[in-house]
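Presented sequentially are two complexes of chain A, the first with chain B as partner and the second with chain C.
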Partner chain A sequence: MLELQNIHVNYGLIPAIRNLSLRVEKGETVGLIGSNGAGKTTTLRTISSLIRPASGKIIFDGVDITNMAPHEIVRLGMAHVPERRGIFANLTVYENLLMGAFTQKKVLPSDYDEVFTLFPRMAERKKQIAGTLSGGEQQMLAISRALLSKPKMILLDEPSLGLAPQVTKSIFDTIQKINKQGTTVLLVEQNAQAALKISSRGYVLEVGEVTLSDTAQSLLSNDAVRKAYLGEI
Partner chain B sequence: MTKWTFWVGTFVAVAALWGINYSLEEYANPYIVRVIINCGIALILGLSLNLVNGCAGQFSLGHAGFMGIGAYTSILLTTLSNIDFFQSPMGIGWAVVAGGGAAALAGYLVGLPSLRLRGDYLAIVTLGFGEIIRIFFLNMEFIGGARGMPGIPRESNFFWVYLWAAVTFIFMYRLIRSSTGRAILSIRENEIAAEAMGIDVARYKVVAFVISSFFAGIAGGLFAHYQGFIDPSTFNFNRSVEVVIMVVMGGMGSFTGAALGALLVTLLPELLRVFAEYRMVIFSASLVAVMLWRPMGIMGHKEIWHFFKKKGEA
Partner chain C sequence: MQNIINGVAQGSVYALVALGYTMVYGVLQFINFAHSDIFMIGAFVGIYAAKWTNGYFPPIVQVMVVTLCAMAFCVALALTIERIAYRPLRTAPRLNVLITAIGISLLLENGGQVIFGADPRQFPSLLSTTSLLNSDELVLNNIQLTVILVSALLMVILHWVVHHTKLGTAMRAVSFDIEIASLMGIPTNQVIVFTFAIGASLAGCASVLYGLSYPKIEPLLGVMIGLKAFVAAVFGGIGNIMGAAIGGIILGLAESFAVYYISSSFRDAIAFGLLILILLFRPAGLLGTFRREKV
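Let's look at the complex of A and B:
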């Protein structure tokens, strides 16, 4: 579904990502974990072309998307839920959802219903200004909005950011549901435990390089990972 | 609204404009008429700039430049060319539209490279563009240069100015509720998220800029054919700032706010004439006061009717 081949990304003179290669198969949930500044967000932004890589190749669904514009990639069926949710704070929940369906020629009521079944809260708050939602609701909105572009694959940038453990759990349950309904998921997280629990495979990113990649199960039991990311001594 | 009521409504509104126009020309004090018409031109300018500065969130400081292009293009046709058609009232109407078109074209050419910039940088580029336009007019002898251009047929009046103001308002109102409008709004809200939603951000910024320039050009053409005389200093930096004040004071992104701002910025200095030399001091102080008490502008992001709705609804 998605393949990154030897990606290098620089911010000015400073390399942010070095020689990153990564694969996500159709129907998988892949977790990309790492600490602050490891290059997780940069990786996602490079995939959806918000940042241009210095070298390397990105292939999505058989198409080389390395030099495509971000809006073209969305049309191919990739949705990006940006870091800190990136909701349109002064618009209503409904208007935010409409923006998510921007690339769709026609939006059916059933498309909204699908999203509302996943997040009933969104139906209740349809007319509310998005900026007045709670953090968890804003995250739900960001995911709902991304789903309305009918993606084959969804990139999630730290959905747990700033959320209470309870809310995080419910969001991750929903991500699992979305994946089961057939959407491929690439999940970037600092909360390694939560991410790996719902992932089939995982990559560990350290200062711009992939240092470890394995099935989620073995990463969860890997001593180095446990020490560095799962808070065990 | 059915088609039928729409056309009847339009007819009644146009007839009312005609009627007011007639009574103003017959009975009203010329000073009052002048102030009212200046308000109308300010309305078009404020409403059009609101699309770029308020809705798209791109800070443009060169609105007077586009107004100037509209004004000079239209007088080129009506006053300087020898084409008979453009001497007739009908032809002058089309000349004003042509002025709008020229301004829109200029907006496209300026917008394409400069809208890649953000915030302060864009403000500087548009400011520079406005000055280039003014200095260009200043040095073109055949359009009067610094002496200005007299003898323009004075064909625009209350009817045409307010008809265009109404067209601008309705156009903007409809636009912002369309998917193009929402795309423009989403750029202001969060550019990265807008891109991630599949919106071609660069394209929609240019679209907003071109539409805004078009109406600024129309305002310029109407202004020239009302004044009967224009010179380059009419379209200087102060004029651009005045329009920005209308938008900021009224509330960024609110069209009724921009309209209110346009009226206040035009009317206040006139109403304050009783204070003679303290007039502009009081005007400036009132701007400071508005910004202190309502930094988001008088209306904020809301339109006037939102204030009459129940709480919690949007």
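Let's look at the complex of A and C:
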């Protein structure tokens, strides 16, 4: 579904990502873990074309998207839930959802009902200004909004950021549900344990390079990973 | 009361021009200094359009045709400027765009002097002035009424477009965060073009309304109107559409009262004094909000 081939990204003269290759198969949930500054967010931003890679190729669903504009990639069925949620705080919840569905010619009430079943809270807050939602609700809104573009694949950037453990758990349960309904997921997380638990495979990113890639099961039991990211001594 | 009528009529023109400043600032965070000169060009297009259409239409229809010509030309001009001067600088530092805008403004002003001549021209009186109200205390003529009504109508339409259409919502989304808007699949460049088009069409309409009320048109016309409209936009809170409308009207009223109670030579001092006051006490403007800098 998604393939990154030998991606290099530079910020000015400083290389941020070196020779990164990764694959996400259709229907999978793949976790991309690593510490602060490892290049996780940069990777997602490169996939969405917010940053251009210096070299390398990105193939999505059989199409080379390396040089496409961000909005064209959305049209191909890729949704990106950005870091810090990126909701439009000046718009209402409903208007945020409407923008999520921007690429759809027609938005049916049933489309909204689908996300309202996943996140009943969104239905209650429909007319509220999005900036007044709590952190967890904003994350729900960001995911709901992404789903309204009816994506084949969804990129999630740190959905657990700043959320209470309970809220994180319910968000991750929902991500699992979304994946089961047929959407491919690429999940970037600092919370490695939570991410790997719902992933089938994982990549470990360190200072811009993939240092490990394996099934989520074996990453969870890998000593180096346990020490570095799972908080075990 | 008379001051209020004069003030609102004058303020409506400021407001229409201010909307163009504030909307472009909203989506791109830079002041389009060329905007006031687009207004000036609109007034000249109005003069020519009036000349060419003379005798073909009844007066009211002619005014509409002339206004549409001015609006269309302003939109075409603004979009050309956006395409060749601003868009290549989309990722450049904001200061570069600002300097480019000043350059375009000077180009239009001086180019205007070459093409139209530096001497003022007379804007044809398309509507003969008739008093609708004429008592000892109050004078209201048809032109003032037209200016006020047309401006009000345009602002209502604009408000509806921005708040109740998908495109308007996309405009607000782009103005909140252009990058995230692009992640929604919003073609941000098209939204920016649309914003420039709306701003320029308002300026085009305002230029004809201005020409009808103050028929002296010259290539440097935009300078003062532009500064005043800019003050109005900042006064209301730059980037805030409602603020620009209110700012324009308040500025018009303040000027008209200043002329009446103090002296007409203080008119401009009042406008810029207001700017200084608002910057001192409420730098974000009347309806503006501070946005936290993103880290």
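Throughout what follows, the second predicted complex is superposed on the first by the 233 of 233 C-alpha atoms of A that agree within 3 Å, B and C clash if a C-alpha of one lies under 4 Å from a C-alpha of the other, contacts with A are read in each partner's own complex, and residues count from 1 in each chain.
The rule is short, and it goes like this: a contact is a pair of C-beta atoms (placed from the backbone, for glycine too) under 8 Å apart; a residue touches a chain by one contact, two chains touch by 3 or more.
Note that this is a predicted model, so its numbers are computed, not measured.
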Aligned on chain A, chain B and chain C: do they clash or fit?
clash
Just to be sure I read the superposition right, which of the two partners does A:70 touch: chain B = first, chain C = second, or both, or neither?
both
Who contacts more of chain A, chain B or chain C?
B
Contact-wise, after the overlay, does A:128 reach chain B, chain C, both or neither (first, second, both, neither)?
first
Looking at the overlay, what does A:103 touch: chain B (first), chain C (second), both, or neither?
both
Which superposed partner A:59 touches (first chain B, second chain C, both, neither)
neither
Who does A:50 touch here: chain B (first), chain C (second), both, or neither?
both
Taking the superposition on A as described, I'd like to know which of chain B and chain C A:80 touches: first, second, both or neither.
both
Just chain B (first), just chain C (second), both, or neither: which does A:212 touch?
neither
Once the two structures are fitted together, what part of chain A is touched by chain B and by chain C alike?
48, 50, 69-71, 74-75, 79-80, 82, 86, 88-91, 95, 98-100, 102-103, 145, 149
Chain C-facing residues of chain A, complex:
48, 50, 69-71, 74-75, 79-80, 82, 86, 88-91, 95, 98-100, 102-103, 145, 149
Under the touch definition given earlier, write down the residues of chain C that touch chain A in their complex.
166, 169-170, 172-173, 175-177, 179-188
Once bound in the complex, which stretches of chain A touch chain B?
48, 50, 69-71, 74-75, 79-82, 86-92, 95, 98-100, 102-103, 127-129, 145-146, 149
Show me the residue ranges of chain B that touch chain A in the complex, using the header's touch definition.
179, 182-183, 185-186, 189-190, 192-201, 253, 301, 312-314
